[in-house]
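Below you'll find the structure I mean.
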């Protein structure tokens, strides 16, 4: 299985099989329900009364100028800090009081703006340790990584275009390559909902189309619901079916890409003004 | 443990322990402040801190044997240790500055062993005392007795601490040091020679330890192995108070002084080091648990 | 983790095995020193599990060793069993007792990160030494003596040499196997980015405690044999020797190259040989020389000998490729 990346488009062989994609599409409720979430740090209000829904199987976008509280919202959702008020429900279950590892094991995973990978391990090992951990016991961890795991790891590495670099220590990769690795690791974890924090930032513009294509395929073929923070308008308008816009810690507007693109409040928020 | 009974029977003794502890805590706070300075400015935890105190103590001891009164010996020890600090920085410490903290912990541990064993070989393992010639103050018919030397030590510690505070706040070098601590790169860009600042900071810390060592020699005694407990005390005080927090360091220093005097009285001095460490471990675990409720951890 | 190709690694192991078995007959005068060499290797290898591989640099692992020393000595003193039975049961109980201690203390202590963990664990061995020095039941500061070995003097050193050799060999092989499993991957992931591991759902607490228990188990097992080899158990100088064994564990692994399989072994050999030389030729000043050695190792070999070799090799290949490109 080799990945050949021409300027932006991917011509890989078959993608590794998904977890249980068809199951997801039958459930009608929102996979993620954020209701009136607020968070302050000291005197600074990072998020005030934010509500959003992420329908199952969709790609939802989160935009807003710098400092509007997008990453803080992500951190709140994945349990990195306790929230000051509101509720967060993942697949009907309240998760605002849970810790990050527990939430991750429920199937809610996020990637970071600054890449977080395991620097001294090579790419394959990074992938091998990123399998879903919810069923792991001590005994199961005391085995070598199975052939199936290694195959899936290499397949996903090929999928993101890192096949040739699979034995390179992850810390030696370029920033853009590390972002791809982090994305592949997230896919390896088999999440139901993946929160992506600026996936295309720092990626060579020539390769962005390829990444967007892979995001769409992971959604369509692997059935992963995506919530994406993006600054690149072209990317997010192309990717998302529903977009939420934050400004100054509050929800400013929400709607389809077209509606958002023409919303004067959104334009104002980005260009300054008030 | 029978001493606990004594304490309960005569609670006025607790007063003596408290006062004694506060007086003594000032010396601890001084050493802790030096450690906090190096930690905050250079991101190095100096495990050899206690050995620097020990060396200061020996300097004052030998000066006293040569006829120089300890109160004059202390500034001399401080100056000598300042020079020693500059040399030590040049030879070893400057290579630790931009490295992982584990490296600096290991390296300063090595320096601590080196100094400790060197002192053992050169000065001998005997405990050395010097008499300050100061009287004991007693109250309540001799039931409470406070060593005069502890009061003098306390006053001296306050003087040194105050001088340090003024130095850092009002002199140009002091301000440069504080700037380097807050943002080394910015300081460099603005023309501050960060290596000279690091050298000055480390040497200053050694001078503080030298002075404190003299106070320690006056108040108790010196021996080659007294270093470890001072290093631990300083570390605990800094962790409890937080690095930039001078009033916190003084408060924590007094607190630990009181706790130690009480524990030393109740449990006996052979458990002293163990007690300090147990306290440290509990402090760290407790701090961590508190932070964990915020889903954070001690960094 | 294992940079040697498998066949070369196995060959090396076999060679060491043969040398280890033959040593008491090849060099009978230094059997005791060789026994301690195996102990040092065990110290360095076990430390590296939670140190170099997991990033939790403990200065208190000698606590587990001391537990093993005392547990075995107590079994030998109080159980009324024959010499060999008491020794082997004592060793086994020492290993289990130490592992249990790690299991109980782990969750609290391993929740502390970075240098705070290092200093907290330093406390472990010191508190233990103080408590042991005051506890009458185990001899307090006078320590404990162990039963006399039922055999000739020459046989005694040889017996404990083989015991320690076997123990160290088992430890090394177990650790080697561990590093090839997914638990080994988890251990490394915690070192490289513990927050990321948590965010990916890895059971970090369980992994950390497990790694520490593994270290503790083998350290505890070594306690009994060493106590019997020395013949006398001193709480501060042997059992909970924080300032010597406790620090040497860290240094040997750092010297050889922490985070590698063979690094700690190499570091232990070089360190032990150097130390024996210091003791022989610098008597009186050997501890000062030790302190100096520590500083030199840490300052000039931060990545250890293996790291230094890898760096040199990397530079050589870059120079070679530049020459090949005609630069």
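Order of writing sets the chain letters: A, B and C. Residues in each chain are counted from 1.
In this text, a contact is a pair of C-beta atoms (placed from the backbone, for glycine too) under 8 Å apart; a residue touches a chain by one contact, two chains touch by 3 or more.
The structure displayed is predicted, hence computed values, not measured ones.
If you tally contacting C-beta pairs for each pair of chains, B-C comes out on top.
Distance from the centre of chain A peaks at B, each centre being the average of the chain's Cα atoms.
Taking each chain's centre as the average of its CA atoms, chain A and chain C sit 42 Å apart. Chain A and chain B have Cα centroids lying 49 Å from one another. As a whole-number value, the distance joining the C-alpha centres of chain B and chain C reads 33 Å. Contact with two or more other chains is made by residues 80, 100 of chain A. Only residues 57, 108-109, 111-116, 118-120, 122-124, 126-127, 129-131, 133-134, 243, 247, 250-251, 254, 284-285, 287-288, 290-295, 297-299, 302 of chain C touch chain B when the two sit together in their complex. Within the complex formed with chain A, the chain C residues making contact are 178, 180-183, 185-186, 188-189, 191-193, 195-204, 206-207, 210, 259.
Partner chain C is touched in their complex by these residues of chain B: 45, 92, 95-96, 99-103, 105-107, 109-118, 120-121, 228, 232, 235, 239, 270-271, 273-274, 277-278, 280-281, 284-285, 288, 292, 297-299.
Residues of chain B touching chain A in their complex: 293-296. Residues 79-82, 99-100 of chain A are the ones that touch chain B when the two sit in their complex.
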